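Lettered A, B, C, D and E in written order, each chain numbered from 1.
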Amino acid sequence: MPSTAFMADVILAPWLVIVPLVGALLAGLWPATARWWGLLTALATLVLALLLALQVHGQGPVVLALGGWSPPLGIALVADGLASLMVLMTAGVGLAISLYALGYLGGTARGRWFWMLWLWLWAAMNALYLSGDVFNLYVTLELVVLASVALVALAGGAAPLAAAMRYLLVSLLGSMAYLMGVVLLYGAYGTLDLQGLGAQVTLSAAPMMAAVLMTVGLLVKSALFPLHVWLPPAHGSAPAPVSAALSALVVKVSFYLILRLWLMVFPELTLPGLDLLMGGLAAAAVLWGGVMALRVSRLKQVVAYSTVAQVGYLFLLFPLLWAAPGGWQAVVFFAVAHGVAKAAVFLAAGTLQQAAGHDRLAELGAVMRGRLKTSFALGIAGASLVGLPLTGGFIAKWLLVQSALEAHLWGWAVVVLGGGLLAGAYVFRLLGPAFEPGPGDRGRPLPAIMEWVPLSLALLTIALGFAGTPALALLARTLVGGGG
Amino acid sequence: MATDPVNLQIYLACGALLFVMGVHALVVRRHLLLKILAINIMGSGIFMVLLGVAAGGEGGVDPVPHALVITGIVVALSATAVALVLMLRVKAATGLARLPRSGPED
Amino acid sequence: MDMGAHVLLLILLSSLLPGVAIFFLREEQFVLRTALNLGGALLKFLLIIGLLVGVYRDGKTYSLSVNLLPGIDLVLAADALSLLFATLSAVLWLVTTIYAIGYLEDSPNRSRFFGFFSLCVSATVGIAFSGNLITLLIFYEILTLATWPLVVHRGTPESFRAGRIYLAYTLIGGAVLLGAVVWLTLLAGSEPFVVGGYLQDLAADHGTALMVIFAMLMAGFGVKAALLPLHSWLPRAMVAPAPVSALLHAVAVVKAGAFGIVRVLNDVYGVELAADLGVALPLLLLAVLTIIYGSVRAVFADDLKQRLAFSTVSQVSYIILGAALAGPIGAVGGLVHLVHQGIMKITLFFCAGNFAETLGIHRVDEMRGVGRRMPWTMTAFTLAALGMIGIPPLAGFISKWYLGLGALEADMAWVTGVLVVSSLLNALYFLPPILRGWFSRREGPWPDERHGGRWLETHWMLLLPTVTVAAMALGMGLLASLAISPLYWVTFIVEFEYGYDHIWSAIFEWETP
Amino acid sequence: MTPDTWLLLIPLTPVLLLAALALPVVGRHLWRLTPLAVLPALAGALWLPEGAWAFYPWLLLGTELALDPVGRGFLLLTALLWGAAAVYAQGYLGAGPARVRFHAFFLLAMAGNLGLVVAADVAFFYTSFALMSLAAMGLVVHEQQFESWRAGWVYLGMALVGEVALFTGLILLVHDAGGHGMSRVWEQPPGTAAMILLLGGLGVKAGMVPLHLWLPLAHPAAPIPASAVLSGAMIKAGLLGWMRLLPPGSVPEALGTVLVVLGLVGAGYGVLAGVFQYRVKTVLAYSSISQMGLMTAGLGVAMMHPALAPALIPALVLYALHHGVAKAALFLGVGIARRVGRMAALAWLLLPGLALAGMPLTSGAVAKTLLKAPMYDAPVDLSLVTLGLSTAAAGTFLLMLRCWVLATGGLREPRPVPVSLWLPCLVLVLGTVVLPWALAPEDAFKALAVEPALALLWPMGLGVLIGGIALLLARFPGWTLPRLIPEGDLWVPLERGGRGVLGWVSRTPWFWRMPGGGFTLALIHGLPRLWAAWLDRVARGERLLLRWEILGMLFIGLVLAMLAAVYLGAVMAPS
Amino acid sequence: MTRHRAAATLMPLMSLALAGLLVVAVLDLPPQSGLAEPVAGAMDRAGVDHPVTAVLLNFRAYDTFLELAVLLLAVLAVWSLGRRDPIPARPVQGPVLHGTLRHLIPVAVVTGGYLVWVGSSDSGGAFQGGAVLGAAGVMLMLSRPRELPMLPAPLQRLGLALGVCVFLAVGTAGLLAGHGFMGYPPDWAYPLILGIELVAALSIALTLVLLFLGGRHGH
């Protein structure tokens, strides 16, 4: 990596918070130009995220003590492989969502609010990924929740409002549980720094309780079965770019946090019983989400339940975490692949919904035939969700199965493979209407960008199919703690 | 300034109990306002434990938990504000300050 | 990576790019679509010919690899076996494209059809050129994806049902396959295909694992190859348009499965190891069961395409049988049947398509007297069907001949009995349509007569491919010893790639009496 | 033109002509050229040098063609008969589009028949054999009547069984020999399995009892020219196959015994079944069975005593030639007989009939004498065989008598006999007289000697006697010939039984679908219902999960469960 | 229904169990002084005298900054929910509130300002001050909602965002100046912190008032 040599001293991490935040402030102060600020911010953030990833790849994890106050007194920003990969994924998907929103929302009043809230959300997510302090993580988590809830409610109408309300309450429940855990940890060890905690945590009542409360609180937020019911209405009824952002990115945030905690803070507590419990829930989620996705009748709800199922995969994390050397990396790669693919699917769904004026799956055939690019995006990204080859999803599935088999955890391998079948069933159910007889119909006129963006994202999933090696190399530069 | 350990433990335990009461209320109460209050009660419980922790050390009161409590209060306040307004919007849209019980198909 | 590597990529792209371009054409852009279709098909054909020349005359090796994961590459490579399959695909694609253009004239959604059609062939060629198991798996799965739209192309409830069943089978198969490949990669790494296999060193420590993996691999590939308990999707997929059935049965899907099995048996495990592990015999038994079962079911199928489908179930297992015999002559028989079955089955499906498209004939008993109305098609049908039975001098005879010899060579004379029973059953279901077609009198009008061509019995684009492949089915048998025949080629593969040094002389050098 | 090219031209010419039939416009008239397709074969049989051999490495599996003395005889027979039948077919078949079809199959079968005679490698032999067998199906069912279909199915079924048996036998031979050239194959004595398979496989074609069932059904059903080649030329392919693939000397003597027994049984049974028939073509068919039995027995003797083979084999070839020509003449004559008066009919049929029965001065006499002669010289006593042969000759006379009676009886439908009918018939009739003299070896003239002539005549006398009595008896009212043995003898009960089984099978489709089908059906019909129920259940569950109480319980429950898991894990973990 | 009843009985039991375990966990916490010593050790470089303020605005300034951001985001979120409903509260009748307010408001303003200023050395700070100011604003809103002069929208936005903006600007300046993100030059720490606190208090006060209005945007 010759490019990293001259970047070695450059401090990048804070800028990934500053830039979107400035964008958000500008968009708020000058609403009429919100979308251009948004676009500019998206581009700048993507560039920064790329540079950060290169930097981390080249020189390893970067830990930055804010204000010169090193932990435990101050707060540290941690830009390691995991964080930079998540930031990069967010930036990539974020740019796509931004471009899409240009077409979807245009310069409407609702659009202005979207831009502002979306940039806030982005800033919050970046802040969360880069934070190395459990309390700071709580604050960023709340930022994410508030921005997300407001975005969900943006759709207006009774159902989205109720969905937003439920989302908010459930999220707050989760946040509170997390915060309780933070307090317990501080009470036990007198520090909030992730690395510091990781060095100290042992098996005893308070940290155990802390770990459990934090994890369950975050599980609620990441919608793991059976705590997922808030997700489908929220993701299913939001405007398309919002759905994409929520399903592709926001769900990953709490997952990331759980991973981060168990990687750096609680490795001592990863015990077989926990593996079994979480793995069981994960398997149930895969099954339940898949079945519900087969059952519901609206396009976006199918996609939302698909997220419920795919979240299940993410929580195969626990059985795989330390069982196999690359176990958690496989899960992270899965998260990235799912993020990109799910964003593509939601955006494509949004285009179809806008074109047809509804998203009843059974009646979408004509528009799907008329809007080929979008249908293709749906198909390719769907293939990634199923884990069909040459997509990121395939590599992710491969890695998951490989880790499971490497650790002789046959059962989880079967879950991964079987879940792929359910995914296949609902993805092809989505595509089915396109093959009904009858002429195509382009539906309402839409900006071209609403077709190109999903397609580009879908093609990105294919590119991810070849990104396994660099991504794993990046992930190898992640800080882990304790007995790992 | 060190506090009596027993008193401290009462603080801690009460904080924990408050937290759980909040959880229970959040679940059992159906009116949204009560749910929002329940979350605030959970928050209060947490802050109480935090303050108890701050006072527990030998070397004087730990200032960091105090700072955290202030921050936490502001965050909770923000969330509560949003929740309340959202509740009003839900009530305006559905006529009820309760969440509908409906499945995905309805 | 040299020029040659690019040729491989170009071969893949020669159908992929036109395919993608075709999707976005409007229905009425007939000329452009046809040009793309045929141009791609021709280009692919020529490129593969070029590759052949390079490999055989100049002794070049071609390979191309792209890194997927640490230690795992996507490898495209051209060896003799892959060229055999690729050539088959390229030739049949060209022919089927012409046929499909004629068949789908005036039907809706042609752009979509040809788009997926091209993707399907790209995947098949990818399978052919796969240089390791992972690459094979990747293209195998892509094939699933590309074929499903073709199966449901008509959009009727039956086709959706067939599509669902197809997916259920192939996706499950794919999942099992993925599991097996991952496992194998864990044990042995991602090795390139090598004749004789690369697992010998593992046999001592991981014997059981290897057996389980083998079973999983067979199940995974067996789904597409329609091995016995996994065959049900195939007859149901017959709702697809005739060119699709033709391609599905003759080249793409079914062959992909069989090809995979051959690869695994020869180039991953190696026949010796497979025999040592005791996995070759169960495979053989399964193939035998499938052969008999498929034939029996075909006898009782009234719908022509159903009958052909069950016939495919049976015939593809010949290939597997040949591989599972684990001897050079059996390998010759199996491999050569890979080509022969493809040619003959595609002929049969073309004929079935011609009957359906021209006269509305779908059932065997509707074929009465069709020989007089459509003599060319009926001749083609007769040739291919007799070939399937194994009647000389048609291509099927050659396969059966070497399969039989292979069975004897492997000291499994009873397999010859299976071939005999299968031949009789084949006759039992193929001769009635032939005889009805030629010798029964037609009373009343045809079910649905459409093309009343003045000079030809049907559209020339339907007839020409049909007659061409029928002639190939004849020629491959009659001229089996020519240097361009599949038999010659397969012998070459077995002799020089599998390293059996006496096969060539056993097959192609005669003592003068 | 070298023998190389010429040999290939023999089977190729009919195929080329067939291809020409497919030409547009002119093609539909080219059927008139069918007779010409035998010319290369005929010329080859007459003028190709002894030991002509050619090798075509590009054809099939590498094809060898050759002409040896045996082949020459058979080639002559085949060419002659096919040529005659082709000419006959020109006039016999009415106009109509089916005519081209008939000629197409005719040409194919001809090519096969000619090819198998000159084949010098196993693969090409089998190819030709199969081509002939299958194409002949087209000739059998040509009339498209119920009868022809029935006969066709029986023929086809048995031919196919024979085909696969032959195939398997050949594979076994080739496997043992390591090559598929005939000479290569001869180097190894065939294995038992191969022998049995070849015996059966070729026996079907040769009408060997009990594999003869198709013959009495197919002959009457087929058009006359087809019957002629079927009975005259094609069934000889079985005999030729035996000679080629089970050469005397390399097979165990037991096989010879089997052949002798089966042959004599066939010879007798053919007569027995034949005389009770009411259709002239059926009678002729049974006669063929009987005659083929004689030849089979002859070959059997050669196998039992390889020392006799050099004498017996040419005799057998001559016998085949004789029988072929005479039988074909009879068939063609039967076609003419209907159109002419009773006496004219008898005139057409008399000479070939007598020749078959072994009338001195005819081909029959020469052939029979030549066949028996070596047996008398045999080191062991073969009188049982020769007696059998003689008795069969008596039977043959009876059969011929039955044939004459039937051919001259019944309704007449006088019609002109075109030249295309009478000319080939006449050629063959004359052939029965001329050919043996032209072809038989010098010592054939021994046939003129008194003692052999007597040996020939007494069976005939016996035949005349029995026949005369029968004819006399038939004059009494009510004394008609009982229909003791139906046409197709054993096939009739077999068919009845088969229908029963088939009927049962067709009434029970589940039986056939059971192994995978039943399972699949259950899968297809049962699973969706289960699946739908499961979906409903899940959807209900989803609504339940929406309740806050449930959510809360799950939340707390999860916390408790995780605590328990961590705690238990910690307790149980080895520290 | 039985299911629901089961839930109704089970839920308290489970809550009790959780409570018990949580209490055990809380009581299990070891007595320790946490970060008191590190904070005390760093106070000389903190720029302010009061440890809580030092933690809030220096050691963990990033937290505080994000917390301001949360507050701002809350207003934005509330606004984004729409501004359709009318003001429900009619002006409070009667003289008591008005009279009280007349005296209370100046006191509140002074108190708020004091609290901000004193935060550097004693209990107090931007949030406390801002809260008092905000409370004054809310009172005003209650008493005469229709008569108050509302800021024009852009100014409202600016006012709301000012705290975050200034904080961010200072933090970024620290980054550019090499003191790290959210870092101050040691000499400038005190004035910068005080400035931030003042601006933040104003923004907080405005935020609270607007949150109280809950999107009911004036008239």
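A few points about this structure:
Keep in mind that, in the parts below, a contact is a pair of C-beta atoms (placed from the backbone, for glycine too) under 8 Å apart; a residue touches a chain by one contact, two chains touch by 3 or more.
The structure presented is a predicted model; accordingly, all values stated were derived computationally and were not measured.
Using the contact threshold fixed earlier, the set of chains in contact with both subunit D and subunit E is A, B.
Chain closest to the overall centre, judged by the mean of its C-alpha atoms against the mean of all protein C-alpha atoms: C.
Distances between chain centres, each the mean of the C-alpha atoms, put E farthest from subunit D.
The pair with more inter-chain C-beta contacts, choosing from A-E and B-D, is A-E. Each chain's centre was taken as the mean of its CA atoms, and the one lying most distant from subunit C is E. Between the Cα centres of subunit A and subunit D there is a gap of 76 Å.
As a whole-number value, the distance joining the C-alpha centres of subunit B and subunit C reads 67 Å. Between subunit C and subunit E, the centres computed from C-alpha atoms are 72 Å apart. Mean C-alpha position of subunit C lies 35 Å from that of subunit D. Each of residues 8, 11, 15, 18, 21-22, 25-26, 29, 32-35, 39, 59-60, 63, 67, 70, 73-74, 77, 81-82 in subunit E touches at least two other chains. In subunit B, 19, 23-24, 26-28, 49, 52-53, 56-57, 62, 64-65, 68, 71, 75, 78-79, 82, 86, 89, 99, 104-105 are the positions where the chain touches two or more neighbouring chains simultaneously. Those residues of subunit C in touch with two or more other chains do not exist in this structure.
Two chains count as a pair here when they touch; such pairs are A-B, A-C, A-D, A-E, B-D, B-E, C-D, D-E. Taken in their complex, subunit B has these residues touching subunit A: 19, 22-23, 26, 32, 35-36, 39, 42-43, 45-46, 49-50, 52-53, 56-57, 62, 64-65, 68, 71-72, 75, 78-79, 82-83, 86-87, 89-90, 93-94, 99-100, 104-105.
Residues 11, 14, 18, 21-22, 25, 28-29, 64-69, 72-75, 77, 113, 116-117, 120, 123-124, 127, 133, 135-136, 139-140, 142-143, 146-147, 149-150, 153-154, 156, 180, 184, 186-191, 204-206, 208-210 of subunit A touch subunit E in their complex. Taken in their complex, subunit D has these residues touching subunit A: 534-535, 538-539, 541-542, 545-546, 550-551, 554-555, 558-559, 561-570, 573. On subunit B, the positions that touch subunit D within their shared complex are 23-24, 26-28, 30, 99, 101-105.
Residue ranges of subunit E in contact with subunit D, taken from their complex: 3-4, 7-8, 10-11, 14-15, 17-18, 21.
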